[in-house]
Structure formats: C-alpha cells, structure tokens
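Across the two complexes that follow, chain A remains constant while its partner is chain B and subsequently chain C.
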Partner chain A sequence: MDYTSDNLFAQMGQWLVAPENWSGERGIPMRILEHLGYTGLTMLIALAVAVPIGLYVGHTGKGRVVIVSGIGILRALPTLGMVFLFVLLAGLGLLPPIWALVLLAVPPVLSGVYAGIASVNRDTVDAARAMGMSEAQILFRVEVPNGLPVILGGVRAAVLQVVATVAVVAYINLGGLGVFLVEGTQLRDYGRLFGGAVVIGVVAIAVDLLMALVQKFAVSPGLRAGRAPVRTQDSGRQKAVASAQGGTT
Partner chain B sequence: MNHLSARRPGGRGLLGLALTGLLALTACGANDDPAAEPQETGGGGSVVVGSADFPESQIIAEIYAGALKAEGIDADTKLNIGSREIYYGAVEEGSVDIVPEYSGNLLLFVNPEAEEESAEEIIEALPAALKERSGDVNLGVLEPAEAENKDSMVVTPETAEKYGLESLVDLGKVCDQFTIASGSTFQERAYGLPGLKERYGCVPKAFQGINDGGGAVTLEALLSGEVEVVNIYTTTPSITDNNLVVLEDPENLFIAQQVVPLVNLDTVNEEARDVLNEVSSQLTTEDLLNLNREVSGEEKRNPADAAEDWLAEKGLGGA
Partner chain C sequence: MTTETSSRSMGGAARRPMIELRGVTKTYPGGQTAVNNLSLDIDRGAITVLVGPSGCGKTTTMRMINRMVEPTSGAVLVDGEDIADRKASDLRRSMGYVMQSSGLMPHRTVLDNIATVPRLNGVPRKDARTRASELLEVVGLAPDLGRRYPAQLSGGQQQRVGVARALAADPPILLMDEPFSAVDPVVRQELQEELLRLQRDMAKTIVFVTHDIDEATILGDKVAVLNIGGVLAQYATPEEILRAPASDFVAGFVGRDRGFRHLSFQEGEGVRIHSIQTIEVDRLGDPDAAVTSPWTLAVDAGGRPQGWVPQNRRSAIRSAGDLVPGGSLYRRGDTLRRALDAALSAPSGLGVAVDDEGRVVGSVRAGEILELIEDARVSRGRANYNTAV
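After this line comes the complex of A and B, so read on.
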C-alpha cells in the first residue's frame, strides 16, 4: 500500500487503519482467526499429550527425573528449526508445523500438571486414602482440584507462548498473523511488518487476560478464600511449583 | 552480614570505574604501536561488505572481502542482512559500502517502471536509475561478472515429459492444473505471479508460500509431488543433482541477472574498485553453482573458506 509518511510509526498506524487490510481472505480478521485456530489446535494436542503424563507422574511420583530432564530438553528446541524439520520429514500441510508448536507447548503444561499434583499437601492425600477413596478418586477429587491453580498456571504459560510463536508457521505455506511479518520483512514494508507485530501482541495479551479469568473462576472457592498456604516439608516440591508457575501467577 | 552485602554494589562500581580507566590506558598504548597502523588503515581505507540472506550472496560477499583484504584493504563483513529491501537500505544509509547484487532485480527495485531486459541494457540503465532513486548517496555498480543467477521455473523430468513442457509458453497452456511454490512475495513481485499471468497467461491452480529461498523444503515439495512447479535460482545445485527441467523463458519474464557489486562510490576508492572488477572478470555461473554445492550441499563448507579457495585458485589471494 502507499503510505503518506516516511515515519515508521505513522506507517504502522496507517496500515492498521486501512480498510483494505481489514477485509478479505488476506485481511487482519481472517488472519487472527487462523492464528487462534492454529493456537487452539496446538493446545488441544499438547493437552492431550501432556495432561495424562503429568497426572500419572504427579500422582505416582514415578518417572519424575525423566520428566524433568525431558522438559528441559524440549524447552531448548528452536521452534522455527523444528517447523522446517517436520515439513521436510512429513511434507507440506497443516500438521507438520503444528507439531513443532506442540513441542513448544508441552513443557509448560506438563510441568504445571505434574507440579500441581505434587504440590498437594500429602496429609490431605493420606486422609483421603484413609477414608477409603480409590486412587482414581484421590487423583480427580482431591489432587486435581487442589492442584488446579498451579495446573492452570502451566496451561496459561503454554497458551501465551504458543499464541506469540504461531507466527513461525507463515514461513511455510500456512497463514496466521505471521504472514504480515514474513511479507513485511521481504518487501521492506515496515507498516505491514510492525502493524502485524502489534496485532500479534494485542491478540496475545487478550488471550492471556482471558486465561487469567478462566484461572480465577475455575479454581475452587475454598482455595481462593485467602487461606495461608500450608507448608510442606518437601522443599523440592515447592521449587517445582514455583518453576512451573513461571512467574505468571 | 546484610549490612555489608548491601554496601557491596557501591564498592564494585568504584572498582569497575578503576578497571575501565586501566583498560582505556592500555588501549591507548596499543594504538600507539606504530607497527599496527598500516594493518589497520590499509591502502584503500576501510569498507564494509554486506550480503543478502541466502548463501550465494554470502559467498560472493566473502569473495569480495577476501580479495580486498589480499590487496591490503581493510574489509569487514556484515552478512545475512536480509532481503533486497533491507540491504539496499543499509547501503543507502551508509552502514554497508559494498553488496553483491543481481543486475536485473536491482534495476527493477530502484526503478519498478524499468523495461530493459538484456544484460547490456540493464547495466547501462543502472547508474541513472540509482541516482534517481537515491540521489543523496553516490551509489553505483562496477563491472558485471559473466556469472548470472536468475529465478527460473523448474519442474521434475516426469512432469516435463507428461505435459510436454520445455518452456514457460508450454506451461501457460496447462498452468491451471498446477500448484506453484515460491517465496510469499512472489505473489506481489513484478516478475512473480503478475508477470507469469501477463506474459504466458499462466494462472496457477494454487500458490504455496515457502520462504526458504528455494532450499530443501522447496525441493522436497517438488520431488514429493505436493507442488508441480517451483521457482528456484539457476545456480542451485539441486537442479543438476535431480535432473530437474528449467523451463525456457522466451518472453524474458526473468530478465538478465548478472552478478555485480553495488557500491557506495564515495567510500569505495579506485584501488578497491579495481580489485572488485578483477573478481568480476573471473567469476562464472559454473563457479557459482559449484561454490553453492560446497556451501549448501552435504559438505556444508563455511562460505568464507569456499571463497578463500576460489580466490586462491584464481590467483586473487586467499590461502
């Protein structure tokens, strides 16, 4: 498009308000929908993979070392490189780039679920067991509700990372808001480049606020009532909780 | 204990200041060393050689820098700057003095209205077009090399045989059955989809934006049959490695693209220009394809090493 100013921010503003950028298949609303669609799909797969593993490890305590080191390895993977790798291995299409994003989303979800379950006061769990609850009942009626703030903290961190990183799929034949970054860079169209970046930022903040609301209302009122947190003897667990929450709480 | 540690940062700050002072003094001492001076300034001043964000451009930039250094001219490199829109801006603002260019694309970039197509016409038209576009800066191109790297539309030998494809004219007749893959901006560029439609009546069934510069993902998409036509450069080793068919281009959709240094004429002096012209007189398309194979192929050589060997082979310096 033609800008009436050479100023970067003025161009960004003009790009953001130009009507032609807000309509059609390549317009901003369509790109936001694509962006959120990829984010949703990524999170569904990541939750399906990470939640069962997290619940198992958190409840039984088995495989903790494997999980913690595995999470560390996954976190070190560069997502853009993974996108190219999966496309080379599996071809073009929707899913190969999505798998790369799943690798990004699994670590925070997994550590959130695992640490959330592990953070529940052992006395509470023992009491439930003494009352004759089955292991499944203990997990879903005691540990999950009590660990929910930490679990949701992990999910929220994952969503924020994914929604901000989904832009990389535009490198290979997919849409989303990253298209504006790729095209803006190649054409040296700074209005498009920074306008696209601003839209991604706004979408990420909006989604994070939404997740904050979910977190607030999904947690049992008994846990929200401002009771002093119960100290456990296990300081390793406390650390795991703190790292899983990742400063988002 | 707390009291002590609270005071510590201040103490460190003072120590830091003292250390900085010492370092500054030592640095002055080093600069005073007379033996170091000819090395630092050289005979031809100091220049920065930039490159675009694909390996071939980096190789040529390393060749330029290596040849300049061999003649005692202080040359730094700033590789991988970005696409033309970005590195041209860097030359314009003066943070880069020399950048390897391709004559036709450079002309179309500085003057989107340009209609020159042959190699000679383009080189003739460039100085005026550069002046028109960037009047405040004294930009120019030096002697072009014989080496030429054009965009080209490429198909697999099977596709070529099945549809009887030899040129883009043939492609135009069956284009609506094909998916074309190229960088995302191919959709908007003059020599991209708009040009294909205008010159060959080719409107593809679909377009896939693959932004890897015609690399592994593009090749894989072509070989696996996910797309039928890809746009890759004529010096890409995978063309000969896979017997791919480069479709002829009788209507000059892809205009001449000789390798030529785009320079800031105010900072690149006569001596440096002579060095670069000597490089251009020796650089061929075949050299480029082989250099690309060394760097982008299985060998994965460092562009600087490959450039050094080429320079040594041509007697222009290097190892």
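After this line comes the complex of A and C, so read on.
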C-alpha cells in the first residue's frame, strides 16, 4: 500500500480507512469473522471440557487438589510454543492450533466454574437440600445461579485471552486478524502491522463489553443488591446482631 | 423415662407420637459420638424443644429426623413409619426446616424463596406465588417485601421469610434449629410470640432447637434437656423441669433463678386486688385537687395509668411530665410472676392491676403475692412428697 506520509500513526490511520482493506476475502471484516470463528470454536471446546469438570468438583469437593495443580501446570505452558508443538506432532490443519488455544482457555474457565460453585454460601446449599431438592436441582437451581458472577468472570477472562492470542494461527496460514501482523512484519508495512494490532484490540474490547453485558443480564439482581440493604421503618431495631445470642447458658 | 412411653401410647393411631426416636446413635467419622442411644417420643401438634449446652448434639438429633444426617444405629419413625424406607427428598419436602442463618437463596426474590417447596412439588408458578404472598402476611410482613431480594431484608425479616418458606407446602412437621438466636433480644421476643400465635391456629408438630433455657420454657409444650454426648438428661414439661430438675446437671443448666421463672407457670387468679386512689392527669395543675394517700396513681381520661404522685411532693407535680414513672403492669389473670414483678417494680410498693383494655382496676401487694406463692409451694410439696418442706 502507498502511504502519503512517513509518520507511523498517519500510516496506520491511512491503512485503517483505506476502502480496499475493508472488502474481499483478505479484507478486515473477513479477517474479523475468521478471528471470532476460531475464538468461538476454541471457547466451545474449552467450555465443553472445563464446565462439567468444574461443576463436578465444585459441587462434590472431590478432586480439588488435582484440578488446582492441573490448572497451575496448564497456566505455565507457553501458547505459541504449544501451537508449533501441536502442528509438528499432528500436522497442519485447523485443529492442532485450536487445541493449543483450548489449553489456554481451560484454566480460567475451570477455576472460574469451580470457584464459583464452591463460593456459594454453604448454609444456602444446606437449606436447599433440607427443603428436598435433588443434587441436580441444588447444582443447577442454587449453586450455578449464585456462583454465576464468578463463573462468568472466568469465562470472560478466557475469552479475552483467546481473542488476543488467536492471532498466532496466522503463522500457519489459517487467517484471522493475525495475518495483518505477519504480513506487516514481513513487508515492513507498519501501517498494516499497527492497524492490525489496533483492530485486534478493538475486537477484544468489543467482545469484553458484550460479555460484561451478558454478565449483567444473566446474574440475578439479588446478588448485586449485596451489602446495601434497603432501609425500612423497623430496620434500625431489627439489625441482625450475630453475637446477641444472650440467654442463660 | 421415655423408652416406656412409646409402648404405652401404642394404642390408637391418633395418639401415636408423630416422631419416635428409637435408640438413635450418631457417631461421626472421626469417632465423635454426637448422640448416644437416644429415645424420644415427639408429640403430635405440640412444640417439643431440644435444649442443652453447645455441642450436645441438638442439631444432629434434629437433622436425623429429616435424614440430613443418617443415624449410625437406631431408627427414626415418623407417623409410625421408618424414615429410612422413604426417599430422602420426599421426606424433606414433608418437613419445614428453619435454621439460624436464614438460608434463603440470594438470587431469588422473597416470594420465589417462599414458593420453593411448592414449586418442587409441581405447583404452577402463579399459584405458588399467590400462596407465598398470603404467607408473607401470615408471618407479619408487608406484601411489597415479596419483590425484594433476601439481601435487602433485615435479619428479623429474613427469619420471618424463613418461617414462611418452611410453612409454604403446609407440612405437618416443622424443624427449627435456633431460628431466632441470630436476631437481637427484642426481635427475638417478637418472633417467639408470633410463633406461639401461629401455632395456636396451625397445631403443627414442631421440633425446636435452642441453647437458651428461657426460650425453651416459653415455647415448649415439652422440653428435652440434652447433656454433652447426646445423652437425654430430662424430658418433661417446662414447668416440671423448672420445678423438679431430674439431676444436678439439669438444675445447673436451668440456672439459679429457676424458682422465680417457675412462677411464670402459676396462675395469678387468686391475687387480691385492692382499691387504689387515682387522680386524672388533667387535674394535676389544679392546686385544690389534693391527694390523701401516701401514693396516688395518675390516670388519663381513659383510666389508663400514667405515673405516681407522692403525697409529700404533691405541690411540685403540676403536669404529666412531673409524675414519678410507674413499674410494670399486672393484667388481671396474668401469672404470679407478672403480679410479683408489678408489685416489686412500683415505686409505691403497690403493683398496678389493669383490665384487658389497660384501665386501672386496683393494686396488688408483694406480701400477699408471696403468701400465695408459699401456699402453692406447700401444697405442691404435700402432693409430691407427702410433706410440706
């Protein structure tokens, strides 16, 4: 592309507004779709793996040690290295790099789901059981809705990481927004390089905002009401004083 | 003392205890024996209180009734049927459960919390909510609280919602584990009175756990005192437990002022009511309105007591604000404890007796009340031990 300026930011701006970059197979919209497609696929697999495990461990408390250390190990893996390792082991194609990204997404989802379920007040769960809820009802009607802020927090963190990291698949010619970074580097086209980076950033922010919105609507208002009880006429007198257990014993 | 009662009451099905614990023992993994060979018959339609020091196995005992805890040995029968044969979730839905922390679900509105068990039983949402809002009223909460979330309620309100939730499916049995101990004393008393009021209409079989002997004697039709290790120390009416503790442990647990508390169970019908001189507060400012007895009671236009006028300070008392404040009131027919308290708390030494509308009917005297108490004690001693000690 021909720039009319030597200034980096000016080049970036020109690249971003050039109409030819916004159409066709290799245009920005197509790349965004690819990028989000890979992100979605990665997240689907990661959720399918991590959510059931997280729910099981959170609800039963069994296998806590295993998943905590497992999460630690997964977090220590370098994603780019994993992409190439999987490609070397399994060959080119779509799935090897996706598996590497799944390894990136699983720890935040798993720890979010597990911690979300485990964080639900034990008395609430105990009362639910004592009312005659089955274990599945306790899990899905009490623990999941109450753990949702933490669970969604984990998913959100995972999505953000994946959106930012999916760019690596461009190194093995799978497209996505990472293509602009690879091409920009190879062609020394800094407008393209930084423009691509900006697009990735904007997409990441947009996805995160969307997730925040989902979180806002999915979480019960009762959990947000939190520590700000509505004052009533008689509340001054009815302050719960946990220590006021007077008596003669 | 309780093992035999089950065989005695085997007769008619209607008289059969609602809940029977048969030699129940619970040893937790780790070797802690929380309940030891406990046998207890829990009466139908009555409040049975489990009381005892912390860690004596009250909660464990109660939770074996709804299978939240499985006994190590022994059996629990409900309505004559061994609960081990029933599906745990079905059994639990037939028993309301209220605990110390309200245990309400934070993500559901008050109304939906109350509707939980009916919804589990398949009642349509709309019907369950209608019933839930009726229950709000039953437990003394404003209907608009139904749309709030638990976090937006005070502690006392949450406990009321907890009670409403336990009642929602109209279960024959209520299990209440220290339901009122996390609220302040004023609210606690309110909730206790409310529970007694509700129980008059509902006649549920209520098992109530507390570590507070006062609460136990106020609420219980029967009180089971448990000792550490889940050993039954005494099982009797509250009156009997106060009057005749079965052991030093029970006597110690019941406390030093048990004799005084026992007065709460003695009718005050026989207390003599003397006439009393009164003056209307409106006439206090009139210097010509003299008083003739050492203490004169000031009353409002409706005859309700306002305070005292000592004769020697008559001239200083010109309005209601100058009156010497009175003590507690004795409503005619109340217990001897109330009568004695009225007499002892009055600055004049004259306890003010009022009728049901709160109008002054006369005075009661501590000396005479003590005589009545003494007479009752002597005749009880005769009846129990054939002697008057």
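Some notes on this structure:
By our rule, the second predicted complex is superposed on the first by the 225 of 249 C-alpha atoms of A that agree within 3 Å, B and C clash if a C-alpha of one lies under 4 Å from a C-alpha of the other, contacts with A are read in each partner's own complex, and residues count from 1 in each chain.
In the analysis below, a residue touches a chain if its C-beta (ideal position, glycine included) is under 8 Å from a C-beta of that chain, and two chains touch if they have at least 3 such contacts.
What you see is a predicted model, and the numbers here were worked out from it, not measured in a lab.
Contacts of A:Y171 after superposition: chain B is touched, whereas chain C is not reached.
By the touch criterion defined above, A:W99 reaches neither chain B nor chain C. Applying the stated contact rule after C-alpha superposition, one finds that A:Y56 touches neither chain B nor chain C. Of the two partner chains, chain B is the only one that A:V182 touches; chain C does not reach it. Once chain A of one complex is fitted onto chain A of the other, the partner contacts of A:A128 are limited to chain C, with no touch recorded for chain B.
Which of chain B and chain C touches more residues of chain A is settled by the count: it is C.
Of the two partner chains placed by the overlay, only chain C lies in contact with A:N146; chain B stays clear of it. Once the two complexes are laid over each other on the shared chain, residue contacts for A:Y3 go to neither chain B nor chain C. In the superposition on chain A, none of the residues of chain A is touched both by chain B in one structure and by chain C in the other. On the chain B side of its complex with chain A, the touching residues are 82-86, 89, 181, 183-185, 188, 208-212, 216-217, 220-221, 224, 226-227.
The touching residues of chain A, when paired with chain C in their complex, are 121, 123-124, 126-134, 137, 142, 145-146, 148, 220-223, 225-230, 232, 234-235, 237-242, 244-249. Residues 53-54, 63, 66, 68, 88-93, 97, 99, 101-109, 116-117, 120, 148-158, 165, 175, 181-187, 210-215, 253-255 of chain C touch chain A in their complex. Against chain B, the residues of chain A that register as touching in their complex are 84, 87-88, 91-93, 170-173, 179, 182-183, 185-189.
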